[in-house]
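Think of it as A, B, C and D in the order they're written, each chain with its own count starting at 1.
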Amino acid sequence: MTTEALRTGIDLSRLRKGLPRCGVYLAILLLIVYNIVFTPYFLTLSNLRIQLIQAAPVVIVALGMALVIGTEGIDLSVGSVMALAAALIPLYLGYGVVAAILASLAAGVAIGLINGILVAKVGLQPIVATLALFVGGRGLAVVISEGKLKDVRNEDFLYLGSGDFLRVPVLVWIAALLVLVVAFVVRRTVFGRRLLAVGGNRPAAELAGLPVKRVLIGVYVLCAVLASIAGLLSVSRIQSSDASAVGLLIELSAITAVVVGGTPLTGGRVRVLGTVAGALLMQLVVATMIKHDLPPSTTEMAQAVIILVAVYVARERRTR
Amino acid sequence: KSEDSGATGGSSAAPAATQVVASAPAGSATCTADQYGAAKLDLKTASVGFSQSEKEANPFRIAETQSIKDEAAKLGITKLKTANAASQFNKQISDVEQMIDSGVQLLVIAPLNSDGWDSVFAKAAAKHVPIITIDRKINAAACKDYLTFIGSDFAEQGKRAADAMAKALGNKGEVAILLGAPGNNVTTLRTSGFKDQIAKVAPDIKITFEQTGNFSREDGQKVAEQLLQSNPNINGIYGENDEMALGAITALKGAGKKAGDVKIVSIDGTKGAVQGIVDGWVSAVIESNPRFGPLAFATATTFFTGGPVGQDVVIQDRAYDESNAKTDIGSAY
Amino acid sequence: MTMSVPLPAGPSRLAGAVQRQGALAVLVTVVVVSLATFPGFRSADNAGTILIAAAPPMLIALGMTFVIITGGIDLSVGSLYVLGGVVAAWASQYGLLAALVAPLLLCGAIGVLNGVLIARTGMAPFIVTLAALLGARGLMRSISDQGSTTYLVRSDAFHELGTGALFGVGYQVWLAAGLVGAGIVVLNRTRFGHAVNAIGGSEDAAALMGLPVRRIKIGVYLLSGLLAGLAGAINAAKLGSGVTVLGSGMELDAIAAVVIGGTLLTGGSGSIAGTVAGVLLLGVIQNLINQVGDVNSNWQQVISGGFLAAVVVAQTYVVRVRRAPSP
Amino acid sequence: MLLEVAGVSKNFPGVRALDGVSFTLQPGEVHALVGENGAGKSTLIKVLTGVYQPDGGELRYQGEPARFATPLDAQRAGISTIYQEVNLVPLMSVAHNLFLGREPRNRFGLLDEARMVHEATEVLAGYGVRADVRHRLGTLALGAQQMVALARAVMVDAKVVVMDEPTSSLEPREVETLFGVIRDLHARGIGIVYVSHRLDELYKICDAVTILRDGKLVHTGTMAGLERRKLVSLMIGREFGEDFTSFTETPESVLTGEPVLRVTGLTSRPRLRDITFEVRPGEVVGLGGLLGAGRSETIKAIGGAYPVDSGTIEVDGVTLTRPSTVRAVRAGVATQPEDRKAEGIVAGLSVRDNIALAILPRMTRFGLVSDKKIDAVVATYMSRLRIKAASPDQLVGDLSGGNQQKVLLARLLATGPKVLLLDEPTRGIDVGAKAEVQALIDELAAEGLGVVLVSSDAEELVEGADRVVVLRDGVVVGVLTGDQVTTEDLMATIAEAAE
């Protein structure tokens, strides 16, 4: 074996290591180039604005999902949490914007606690534990809203979803802020570090004396709270609250964003920026399809291929 | 406490507009209990089943279910069973089959889908249970597989929407369609009716864009945002239901457009959309009247007392535009 | 995947038995109580309706059981179910055989694709089959004019398969029962079944013991695809047409049924009998909610969710009490 | 020549695990393969058995060039393997594990359950395993599981049997059974590749030896000609001291203080009953007994990870109420679990994160984790425990076994414990690392920690412990003190209790 061969071997392996990290970004880049060439009015501020606004709720939900997935869990109930949050807004808006927001956040905390306790204390498998609230939560939300779509007209509240701050939509500011907060939590807080250890090896974390159950409950609460923020922002953006529609199927979008962004479903690692990129990629795919007026069949098949390619590139070589 | 709980619900006082049967063409087919092979009976003491297709989470479905329940109560029908398939077609099939098992003597079905009712027909035929389908038609033989269909003509609704759009645009412009949920025959008919009629009455109107908004406000808004951004020349938006049209209005506002810049026509006749006409955002709303209770039970009564009933009872849908929106908003649901 | 499986220290066979019988016990209890409470529940017709409605989900859950025992998951079954129905209805113009073979071929091929991607590239089953969910739905829409074309069943023999009965029990139920029986034999009495269990128990060990891990994995996804396609086909036969608006959420129902039946999502342990109990339990609950009559549709969902949680939590505690020396 | 590799290389991302290694195996030869942790022994074995494909080099089997694409290929060709980690399926029954992939079938093509049970019972009896073979494998003790793996490997008509550290979880009696099997294979002309860190075993049964270091071949020859010290220095690449265990006696005078750990009447049904002992600061108390005696459970119970029905645990005079791992760690009890990979390290995290894991709340500034503080602690322990890692950022999963063990110890020590519970701290680690770990245990005790030591290596136990508490079936059957702490006395106590 010559040294030459050895060197290329190592270079290849480095490339392999590097690719997963930049797979999503590469895909985004390709799609943007395609659009610049083929889509009219693509390279405009108004377009950027729309894509960011539309991606924001998924980004926010996906952040929470990434944390849950980091603990080797999954949360199917996020869409229902959004619906609950949405259902509560018009109910409490009469007491003021703050009261309404607090009420919907409280709903998030409550759902998160239930999920967390079912997973951490009762020991249910996350997918089943959250399936119960996935089914029941939305039903409850629709019951609360009496099945009625309610228009929301409170200007202060609508500012969150439809207003601008420094010429950038408030919604985008909030999403960006939450990205920073979550990235910060993962990197710089005790909770974040513990979360990764719990996801990486739960028995080990337990024996090391970490409050594993508390961490797990915390993660599910955080995820649900993020989902309820997404829910109330959706209400503010759509300017109406429709518990039967808000956040429908968002759990799959969020999981896709997380996984496409390079976070493994096996836990122990969380890629915050990758998650954001994953959500943006999926948003860009859909936008491209719509702008080219393609039918749903094509959109779905294209999504399938893009997910597979992005995840294939980003897959981790099994080392151990 | 809700945002507007202080205000009094003035509009709810207005009487709900009942359905009117469009004048049936002479010689159109009818059906009697003898033809169908059903026994005559007294509806009051009969056991009646109502199967709703979608969750009561939008105005149309709420009004529809409520109308059936109210009318049954009014007629003194005590044995009314209701089931809701929550958009799961297989669930609707087993809901209905279960009702037949439990011995209902009349079935009122709001079908989720027009095809796929063979097993239900087989079961109903064995027990001679008459089936009245409302709002959506079932593709089968009337007076044999089922008794009769009561509902709107969706293609006709599409045509009327096309007429309204042509009028609003002065027969010229670029129109986008916000399609309903894919695979739904309401979507299919409202689309084909609209396109056919536009081609006929206003060939200068180009339909440049059609994307599904899944009958939901949020999706309607999202799609409209994308479309307004990349097709700034759009003059008209046809929403296949009111919800999507309302979503489009929010998108228009977000894009800095003013009322009337882009003409909107939609179908359903919900309060929100009719209010949109009053506010100047919407040009016209074609009604699709969900209050099937009185007509359904009247038909059943005629049938069970031996009289002939039409095999295809098409109701007359009203339309709202600037001329009547303010005055008639009370009839919107 | 390695060590997170809780090791029962006590009489593990008993614990396993209870875990498996948990769903059955709940099912029996629910059925007995409802027989006493709801006159409408008592009729033979009603039992027939429940069983017939349960046949397609049973087939899907059967395939899902195999997949989950290998430690995987198959989210594509709902889409394959619809696709299978549409293709079967379309193919029925060429006769009964075509109506059965066409969906099996197509859905089997997609199943194999799932399996190959999962086994060969090491991508997570969740994500591969999620892509297949989208892809298969796209495919179904593209062959049905975005879902607006509904193919009608043209073969009488095929139609008979969906609506006919033998000894008063629908063909579908016989078919499902037969396949479930075959599934039990395959899982417990063949090398394939043992390999499926081994892979779920420890994939590395299975590979090192010389089991053809990839082939087995491809096999289970193939099986799942085939069964989902078949479920779609018999459903189409029953409905008389290839309905395009079906099946969303079907995969979650199947997963729920399998898990309620005591199969571990982490793989390595599970039973088909449990899955049968799980599917029937979900069907019976639905039937009961209808028996009550006038429950608001939104409350129905709350009740379903609550019931789901109650069943799984109860089962966990039953199993745990037997396992640990003390709490 | 039965099996031969010439110049094989194998690269993993960033590591060259094998670098032009050659190796030959003769029929009827027991060939030892030795080297430090991470030397490449397991990798070589996996290349031989089709788990990995070599990046370079040649493989010849029975004189023919061979290529095994999968373990199945190798098995079909007659190469059977017992891998380092017991590679069986714990959730399946013992009989099914034994026959997996080659189950007997009846005339309907279905598996012949009765025959499997019957044959499995018979075969395993020959290996001293008497258990209901219909039970799940996971319910067997690890040693018994190892025997099942051995039986599985030998059952087929193998020409080569490869054993990667087969004795690391066997008790002495089981080791003897294993050696019996090996001698039998030897007599039948079957070639055996034998990997172990226990040197005396090698001298007992091996004919030839091949030594690897850092993926390179450093020596190959007959076992007889090679002196023990020479072997060790070839392995670790430098001269090695006289003693192979590096424990020193603790003077009795030190052990007078108040007990730092006092366990009274500890009971956990059905595994443990009425266990009582105490540990003084500076003392190393060994827990002796056979596999399954309940040593691990005792350790875990004290560490709060195993349910306790009754009894008290006092640390430094304070009773632990409602024990949990969190409370135990807070009270100053640090537990090193038996299964390093499953319960110890977090393989996907860096060395730094693993060491800091248990002390994160102290590593903060204004509520935020301070990497500076962490780095100071990590640097201290990395140098003190002589942890060999490329950098603190290296993933622990990529370290050798011994270094993983040290990282784990560093995590425990960083919590500033009063009591250290060590369950098999040297299992699976090489002589060099073993000596280092042993020296460390001594050092820590000397600093005033109370240490509880579990080891199935009887020698290590008696050398290391000042006192040995002997367990059997979850009950204390004897305590050895002072001069009684010898291998003979230990064995005698265990045997006595059996009668």
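Observations, loosely collected:
In this text, contacts are C-beta pairs under 8 Å (C-beta built on N, C-alpha and C of every residue); 3 or more make two chains touch, one makes a residue touch a chain.
It should be emphasised that the depicted structure is a prediction, and the values quoted were computed from it without experimental measurement.
The chains that touch both chain C and chain D are A. Comparing the centres of all chains, each the average of its CA atoms, the largest separation from chain A belongs to D.
A separation of 72 Å divides the Cα centre of chain B from that of chain D.
With centres taken as mean Cα positions, chain D sits 42 Å from chain A. Remark: chain A and chain B have CA centroids separated by 36 Å (rounded to whole angstrom). Each of residues 3, 141, 146, 296, 298, 300-301 in chain C touches at least two other chains.
Shared contact sites, meaning residues of chain A that touch two or more other chains, fall at 142, 147, 203, 295-296, 317.
Each of the following residues of chain B touches two or more other chains: 55-57, 182. Contacting chain pairs in the structure are A-B, A-C, A-D, B-C, C-D.
Every residue of chain A that touches chain C in the complex is listed here, in rising order: 76, 118, 122-125, 127-129, 131-140, 142-143, 147, 202-203, 252, 255-256, 259, 264-266, 295-305, 307-308, 311-312, 315, 317-318. Of all residues in chain C, only 2-3, 5, 7-10, 12-13, 185, 189-191, 194-195, 197-198, 200-202, 204-212, 268-269, 324-327 touch chain D in the complex they form. Contact residues of chain A toward chain D in the complex are 1, 6, 9-10, 13, 16-17, 187-190, 192-194, 196-197, 200-201, 203-211, 268-269, 317, 319-320. Across the interface of their complex, chain A is touched by residues 9, 11-14, 20, 55-56, 303, 305, 325-326, 328-330, 335, 337, 342-349, 353, 356-358, 360-361, 363-364, 367-369, 397-398, 411, 415 of chain D.
Chain B meets chain C in the complex at residues 52, 55-57, 80-84, 86-91, 93-95, 97-102, 112-119, 122, 139, 181-185, 187-188.
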